[in-house]
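Just below sit the structures, each encoded as structure tokens.
There are two complexes below, and they share subunit A, which is joined by subunit B in the first and by subunit C in the second.
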Partner chain A sequence: MLLHASGLAKTYATRATAFRRASRVAAVAGVDLSLDKGGALGVVGESGCGKSTLARLLLRLIPLSAGRILFEGRDITALPEAALRPLRARMQLIHQNPSAALDPRLSVADAVAEPLRIHGHDPRARVPALLAEVGLPGDFLHRYPHELSGGQKQRVCIARALALEPRLLILDEPTSALDVSVQAQVLELLEGLRRQRGLAYLFISHNLAVVRQVCEQVAVMYLGRVVEQGAIDAVLSSPRHPYTRALLASVPRLGGGGVVLEGDAPNPAAPPSGCPFHPRCAVAREACREGPAPVLRHGVACHLA
Partner chain B sequence: MTRKLRLAVWLLTRSFASMLGIALVVSIVTLALIGPWIVPYPDHVAGGINLANKLQPPSAAHWFGTDEVGLDILTRVIIGARVSLLVGIGITLSAALIGVPLGILAGLVGGPLREAIMRLTDLFLSVPGLVLAIALVAALGAGIVNAMIALILVWWPGYVRLAESKALSIRSEPYIEAARVAGATTTRILWRHVLPNSISPLIVKMSMDIGQAILAVASLGFLGLGARPPTPEWGAMISIARGYLPDWWWYAIFPGAFIYAAVLGFNLLGDGLRDILDPKSNRG
Partner chain C sequence: MTPLLAIQDYRLAFDGFDGTAHVLDGIALELHAGETLGVVGESGCGKSVLARSLLRLNPSPPARVVSGHIRFEGEDVLAMPPARLRALRGRRIAMIFQDPASYLNPLLSIGTQMEDAIRGQDGATGRARPRDAARDRAATLLAAVGLADAPRLLASHPHQLSGGMRQRVLIAMALSGDPALLVADEPTTALDVTVQAQVLALIAGLVRERGLTLMLISHDLGVIAAACARTVVMYAGNIVEDAPTAYLLARPLHPYTRGLLAAVPELDSHGPRPRGIPGGIPSLRSPPPGCRFHPRCDRASALCATEKPGLRELLPGRAVACHHAEV
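Then we have the complex of A and B:
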């Protein structure tokens, strides 16, 4: 087991002001997940469901409200920042927007060399090899981010993440800021790298088709919770949670049909009673509106499944 | 690198105002550097009295005329450039050295420390700078060094404000998070990412502030709180020359023209630098 998280939660408290009462927002409300060496887990859900917060919790970039994280069998939940720093080499993050994830003042060579320098390696020999691995020729070394296209910038980010030979790559919507044609190329690159390097991916996306291409496992998130989890083929071919079914139906398809998800996700500061999905659920019953939120059991969190 | 340089040169030469700013700043800096070797009457710098020659209008022997004790005004105005430049640059650099680290610290760390730094800054900014400087000089005693100290004390809060707002916006940039993921320490993030990315507006502000500081020192000199005669300082010269207006106009006009040229030069240079360093704020 490479990564194991249990009961992960992140609650943001907003202070009361003259115009607003104090409130608590549960961005992530009790998520369990685990990822094997070399495995690939997709996390899907609408924007605002807590996917990105989950990624940052797993990397310990933001403090946890509750829960426990094991990385390579080691409990990193309470490790201080200084002890975490050497471990950072083995778990890397790819940002959604490569234009913002590269320091505009660093050349490609410096950006890729930075992690190597930090961890005390000589970057000279390895930077060109890393760039070649992500499909960038050597004449990119002395270019600056503003001279590159979105796809090229994302390749630089990937090279930077690979520099320290990580075991785990957390990808936060790595292709959603790219053109469709470039998306396919970057996905292909990511698949190839995973095979060659034996990497494990935690792949966050709102696009089920993209997740299907890369991942074997999938977790569907709604309002900070995992509502359905399982092997990607099983979940996509016979979704059990009404939300998963609605997500699948919302993928544009010739011929139309299926259920359409209506309305926006509820305000996480004032979540609905009972099952958090009931206001938008096509099959909700009286029991769904009251009582505790359903917990994940046999891969699905629904009173009716 | 050469491409960036060429772009910078092109951006500068394209604008008449920037070129004028550079020309003015370069002339004044050159005059200040080689002043002691080119002035026609080097012995007039330290003072002295030559009443037979007093208040002569501009002539071949005295291009800018002479003052009320017969000293050559051209000589004293050129040497005055040394005083003004040194003081202007000194005030700006010291203020930036105090203000920028405090501002970046406030923006990056946040919490009670930020509150403390920013409220102290507000306290200083709530009083008009020159008024506060006059009060401080009055307390410290008149003189060019005390005038500098007073102006540094009223000048640093502006740098805290600017550096803090830059640090605040950079702190939430994904590339800062990316640096943390790469294992960078807070010190490294500060030096390698936050500071280089907030340096452009600081350089622009510093260029403009040198002009403002020169004006402020001249103002204190004019009020009799800065350099004392016979130190050749532009503000102090105008202060005395005021009594000889309008009949002996050359005494006030030439130091005044140099103050004007210096302030204008540094302001235009600041505008030009902004166009180079921050292409996004380009006014076309």
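Then we have the complex of A and C:
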């Protein structure tokens, strides 16, 4: 097992101001997940469900409120920053917006060389090979971000993430800012890299169809919790949680049709009692409104599944 | 029957310090009352610029009309004096945009903004109604877009509403002038998928009930398929295909439309894997000669590199701009 997390939680406390009471927002509320070497797990959910916070927790970029993280069998939950640094080379993050992730003053060559320099490697030999691996010809070496298209910038970010030979890539909406014809190219690239390098992906997206292309496993998040988890084909063909069903039905398809889920996602600072999904759920009963939130059992967190 | 909207040979350029971008390159389009038209294309294809052209919203400079006419209800929008244009905007053609938050004033209540919109519409053609009458009208409009509890909403400020509610408010404001044509530019792109489905259902319902003509701009063919009976596909400032949506999806005739469809990842696990289109969109400052798609096209011939294909009608209602397209 490459990555194993249990009981992960992140609670933000907001201070009272003249306009607002103090509140506590549970961005991630008790998530368990594991990822095998070379595996690919998709995390899907709508904005505010906690999927990006989850990514940052797993990388220990923000302090945990609770939970435990094992990476390559080693407990990294409380590892001090200095001991964490060599491990950072083995787990890399790719962001949604490649324009913001690249320094506009660094050429492509310098951007890809930067992590190698920081970790004490000689970049000269490696940089051209890395660019070739992500499908950028050698004449890109001396270009700057403003001369690149969105897809090319994301390729540079991928090359930069691969420079230190990671085992795990956490991809946070890596193709959401790209046009669909370019998205398909980048997804193809990611699939190829995973095969050739035996990489593991934690792939965060709001788009189930994109996740289906890259991942074998999927976790569906709602309001900081995983509400359904399982093999992607099984979840897509026979979703068991009412939220997963609604999410699937909401995707506009070329064939048309679909059910409309009522309402908006609730405010995480004042989550509903009981099952957090019950106010929007078509099949909710009394038991869903009261009592504790359902926990994930056999891949689904629903009292009625 | 004269079309509601008729665009002929419309060319628009943007003048910049580093050259002129030929953003729209001879657009021809007719839209009849009651039609629902989707405009699909990737970033930079000119779809939003085209939509904004209908209301002359592209700031000039840098925008410069090179040639063409845009006739709405028989009158050329490009030649309208300012007073006529004010009466057109919002009253005959209303528009909603991608990011509802940036079209609402964060400092004013929803009620004040809606009253202003309603009274502004009145003022363009006559006398503005009093504030309390405008407020009643605002409440009626909010109910029409599925927002209950109008008194509370009218008193609230934009930050107190969710993204979906803000977009509903903007749709209500767009309806305030009883427009004939609703132009929606990526109205659901900033919304989550479940809320997107709600807003699309709302737009489709309003179009049906009020007999609106709809022009929906989107990069997402799925969104267009959900709301539009007819679709035009744009690429690098040109309309490359124009067809009933069902036919376009079932049997695209232009190589770019085929590529676009093949790139969409599908949820159903049996379809083929999505494929990208090689290369990227061309620079509009120095677009490729001939067909602007030819450098990325697998069917391209010598002719494509020299001669620009015009939009020709291959079947009734199905037009395509490709030298090699056949039925």
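By definition in this document, the second predicted complex is superposed on the first by the 300 of 305 C-alpha atoms of A that agree within 3 Å, B and C clash if a C-alpha of one lies under 4 Å from a C-alpha of the other, contacts with A are read in each partner's own complex, and residues count from 1 in each chain.
Convention: a residue touches a chain if its C-beta (ideal position, glycine included) is under 8 Å from a C-beta of that chain, and two chains touch if they have at least 3 such contacts.
In this text, all values refer to a predicted model and were calculated from it rather than measured experimentally.
Upon superposition of the two complexes on subunit A, no clash is found between subunit B and subunit C, which fit side by side. In the superposition on chain A, A:D75 makes contact with neither subunit B nor subunit C. When the shared chain is aligned, no partner comes close enough to touch A:D122: not subunit B, not subunit C. In the superposition on chain A, contact of A:E165 is made with neither subunit B nor subunit C.
The partner of subunit A that touches more of its residues, comparing subunit B with subunit C, is C. In the superposition on chain A, A:A89 makes contact with subunit B only, not with subunit C. Once chain A of one complex is fitted onto chain A of the other, the partner contacts of A:L102 are limited to subunit B, with no touch recorded for subunit C. With both structures placed on the common chain, the touch criterion links A:E290 to neither subunit B nor subunit C.
After superposing both complexes on chain A, the closest C-alpha pair between subunit B and subunit C lies 9 Å apart. When the two complexes are laid over each other on chain A, subunit A has no residue in contact with both subunit B and subunit C. By the touch criterion given at the top, residues 56, 59, 61, 85-86, 88-89, 92-93, 95, 97, 100-105, 114-115, 118-119, 157, 160-161, 164 of subunit A touch subunit B in their complex. By the touch criterion given at the top, residues 42-43, 162, 164-165, 192-198, 200-201, 219-223, 225-226, 249, 259-267, 269, 273-278, 280-281 of subunit C touch subunit A in their complex. In the complex of the two chains, the subunit A residues touching subunit C come out as 46-47, 149, 151-152, 179-188, 206-210, 212-213, 233, 236-237, 246-256, 258-262, 264-265. Residues 173-175, 177-185, 188, 192-193, 196-197 of subunit B are the ones that touch subunit A when the two sit in their complex.
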